[in-house]
Amino acid sequence: MTKELMQVYQKTVLEHSRKPHHFGKLVNATHSAEGFNPLCGDKVTVHLTMNSNGTINEVSHETTGCAICMSSASMMADAIQALDSAAANALCSQVHTMLTSDSNDNPPGMPLKSLEGVRAYPSRVKCATLPWQTLLTAMMGETLTTTE
Amino acid sequence: MTKELMQVYQKTVLEHSRKPHHFGKLVNATHSAEGFNPLCGDKVTVHLTMNSNGTINEVSHETTGCAICMSSASMMADAIQALDSAAANALCSQVHTMLTSDSNDNPPGMPLKSLEGVRAYPSRVKCATLPWQTLLTAMMGETLTTTE
Amino acid sequence: MNSPLFNIDSIRAEFPILQQQVNGHRLAFLDNAASSQRPDAVIDAVSDYYRNDHANVHRGVHHLSHRATDAYEGAREKIRAFINARSIREIVFTSGTTESINLLANSLGQTMQAGDEVIVSRMEHHSNIIPWKLLAERIGIVIKVAPINEQGELVLDELAKLFSKKTKLLAISHVSNALGTINPVADIVALAKQQDVLVLLDGAQAIPHGKVDVQAIDCDFYAFSSHKMCGPTGVGVLYARESLLENMPLFMGGGEMVIAVSFEKTIYNDLPYRFEAGTPPIAQAIGLGAAIDYLEGIGMDKIAAYEHHLLELATTALSDIEGLRIIGTAAKKAAVISFVFDDIHPHDLGTVLDHQGVAIRTGHHCANPVMDFFGVPGTARASLAFYNDAEDIEQLVKALRVAVDMFR
Amino acid sequence: MNSPLFNIDSIRAEFPILQQQVNGHRLAFLDNAASSQRPDAVIDAVSDYYRNDHANVHRGVHHLSHRATDAYEGAREKIRAFINARSIREIVFTSGTTESINLLANSLGQTMQAGDEVIVSRMEHHSNIIPWKLLAERIGIVIKVAPINEQGELVLDELAKLFSKKTKLLAISHVSNALGTINPVADIVALAKQQDVLVLLDGAQAIPHGKVDVQAIDCDFYAFSSHKMCGPTGVGVLYARESLLENMPLFMGGGEMVIAVSFEKTIYNDLPYRFEAGTPPIAQAIGLGAAIDYLEGIGMDKIAAYEHHLLELATTALSDIEGLRIIGTAAKKAAVISFVFDDIHPHDLGTVLDHQGVAIRTGHHCANPVMDFFGVPGTARASLAFYNDAEDIEQLVKALRVAVDMFR
């Protein structure tokens, strides 16, 4: 396998995809949204409980999708726990930029840094961004998003 | 001008087209039909009075069309006068064959002999056959025909 | 008019079809309003695509599918820029102008009811009449017809009187294919906006001949065909204002336009895909993109200026021929000249001209109501493109003189 | 299988796109069910047409218009002969299978009323579901769904029970694009005829892979796409029995499909033109004609036999891979193999395979109800054509083993 491909399917990614964190429904969710990727049939449901000042208390996702989508959702859930909505929004756009731009100066500790390699595969970028777009949709109080 | 073209627009044809015979409506027509050529907008209306045993007593045509269509209608009207329907039908198919086949052995006195040259112009063959097709339609008691 | 800015000889050299002889004569192709010809750049773009990049679009993860999707969507972006739409979401690929108009009639038709009115004009092509007549038959809408004058121009005062509370759409050609008239579309749109009426422009004959800016015109819908603007056959465009398209009922159903389907529930795709059912005309859209590159390489303004020069040349030359009457003498005209002789049928003219290598169209040009208005069964029509030259016009005039001698 | 009868090497040499490297590997193109590739003969037929003969069809008296019309109508005759229709009046050009089915749904829909039933099957492509769902939403027809079994075969007994007095149409695929199942269409038609029900066959996946004879099958309608049978994109066909087509309500309106138009009255054209509105996909139809010549030059029976041989080879080889499960194991199959791994997502497979030059499709293949039935979000699908060879299959298997190692 080439280096490029190993970059995408690196150890962290495969581990998250095999055992996703925060997987499942959330009783008492205040916000939920579904996201689809019509290209491959990936589907992500994001559940949140947000308190009145907009902080994310709990998060979970139900993802049927490829390794990239699954691990992106898993890492996202890890990262946004306890953020307020402004911070979550900011993170969304940071991640989005990282996954779609050419720049390489992303801090090493940054969530999804390990998914950077996906940029070499334009058709797969949407797999990584879908959970984040669905998160945005959920935070806005909407229920459906698609990647096309 | 080439010989081919002069063959189509020969003197007889141009004369008929300038002064078509039997042009106009027919009071007491027993059979009438309209024919269209959508390609060029040619329109022929054939009126007949046929007696009970199927003989064509009178014939007229109202033609808006090109020189070929006009002269074909004019020559047709000359030719079918007083024919019975079997003879008229036979003539129709003779003329049709002459205008569409490659054979050259058509009797010199035959109606439309002078339009033989049209065979070199496939798109114009329909101009010559339209009056005859409309005649057939009229004899069958129908009212509309088209060449496509 | 060979100038460093517009070198007609080198342009002609790029059109392989023009290099042939017909009936032993140089080909003077003057039937461009029916369908244009293609430069090598467009023909090669299509072949190259098939040779190197083809796969179905949007649904694949493999390289070819990517390349095909990028090329196809790249063409959409070229079209957006070409007509200055706001977003590619406003660019729907169809099979041609006719399908674009039918899409609209079918979709808007689902929101109309008996008695609703659609205004068209007397100078429309059948493609902008029949779809509305079908709606009239199916659901009872009423078609109102804006009149034209003896020059073949729309009578704006009369058009203005046709609006009523029931008017849902004004559907009108930007340029008439039978007369050449260029309609004052921005004024017409302004008129309609005052009445809150949507406007569809049939741009089939306008788009090949000058810069079209849908935002400047401010129309709601704009339809055109690739094959009339040096692109492949089999593809066209419906531009539609996004805010309208967003809420329009669907036309056709199939792959591409849905996200998820069960027999109970369907989730439809985003714009513009919701209106593109099935595998699209991929190679043709890419070819259309190449045609746009080619046209812009020359410059739409230069094309318009050069064609106007040809039109004046041809109009003057034809006016000299005794008995020739030009149908369509609007003050603003595209390079289309319809003409008749009282004593020579257009069809006979066509044959005699073809014999001399001159290709014109004869007949009703799919615009029967125009023919009825002028009381002619049809016309002969010479329609010019930027790859025509003065020699084509000389050849036309010479051939017409031969025909006149023959039939008189 | 290189034999004097079927020389795969010389066939492959005729497909320029197959000669490339992808990601440093030989290209193994196994996404033919999505869209096929084209031989030089087809690509050149389209270019040659544009270079030498193009003009708009049917309406011109000049030479190019003639040549174009002859070529276009000649293609129609080739298609007639290819599927053994009785007459060219039964061959309607459309933009593809999807439009063919929408044409039918729209036309027949005008004769249906709320409660009327259309039977489809569980294995249909979205293109044969959504048009009927749109009719269900618009006028209240009822869709009944014929079930399939675990092998992905239609359950004929259950299908037979779905007919009622209200059944107006059975719309079913000849070959499933997601499963490869070849349906016993002649038997199905016989069943439907007993109930006086019309039958539409979606032939998109059948026509490239073997001889189709619409008279022998005795179906009423047959839809297919050029781009899946080595022809250009942007054109397809609806075959319709003449006696039915004669009385069917119109779909789209425009030029070509009318003879005379005034605002009061329209006289429609003859068959099949009445159903072809606007300038047709001229170059694409001609390219499709060239594709038919090419396919018949090889022989549809030989193509079917060779593909069957490839299918067996591939099925055996894939079955050896641990954890790989084939979805769609009908007794009669076309060369389509859908498969899944419980622990590897098809999309990831697709990327890893593409990296090794192997192009397959992954996802729902526009057949969501099939995916739901088998309880999978999607599959990986290798679909073979007559220009594939044993090396393509070896490359697929090798690439799959790499992927398995990577994800386990």
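A few comments on the model shown:
By letter and in written order, the chains are A, B, C and D; residue numbering begins at 1 in each of them.
The criterion applied here is as follows: a residue touches a chain if its C-beta (ideal position, glycine included) is under 8 Å from a C-beta of that chain, and two chains touch if they have at least 3 such contacts.
None of these values were measured; they are calculated from a predicted model.
Common partners of chain B and chain C, by the touch rule above, are D.
Two chain pairs, A-D and A-C, are weighed by contacting C-beta pairs, with A-D ahead. With centres set at the average Cα position, the gap from chain A to chain B is 78 Å.
Separating the centre of chain A from that of chain D, both taken as means of CA atoms, is a distance of 37 Å. Distance between chain centres (mean CA atoms), chain A to chain C: 46 Å. Averaging Cα coordinates per chain places chain C and chain D 31 Å apart. Chain contacts: chain A has residues 39-41, 123-124 touching two or more partner chains.
Residue numbers of chain D whose C-beta contacts span two or more other chains: 23, 59-61, 65, 258, 260, 347, 350-351, 362-363. Per the touch definition, chain A reaches chain D in the complex via residues 1-2, 4-5, 8-9, 14, 18, 39-43, 64-70, 121, 123-124, 127. On the chain C side of its complex with chain A, the touching residues are 58-61, 65-66, 258-260, 267, 269-270, 273. Interface of chain A with chain C (complex): residues 36, 38-41, 122-124, 144, 146, 148.
Listing the residues of chain C that touch chain D in their complex gives 16-17, 20, 22-23, 27, 29, 31, 34-35, 37-38, 42-44, 46-47, 50-56, 59-65, 95-99, 101-102, 105-106, 110, 125-127, 129-131, 133-134, 138, 143, 145, 225, 227, 232-235, 250, 252-255, 257-258, 260-263, 266, 277-284, 347, 350-351, 353-354, 358-363, 366, 368-369, 372. Chain D contributes residues 23, 343, 345-348, 350-352, 355, 362-364, 371, 377-378, 402, 406-407 to its touches with chain A in the complex.
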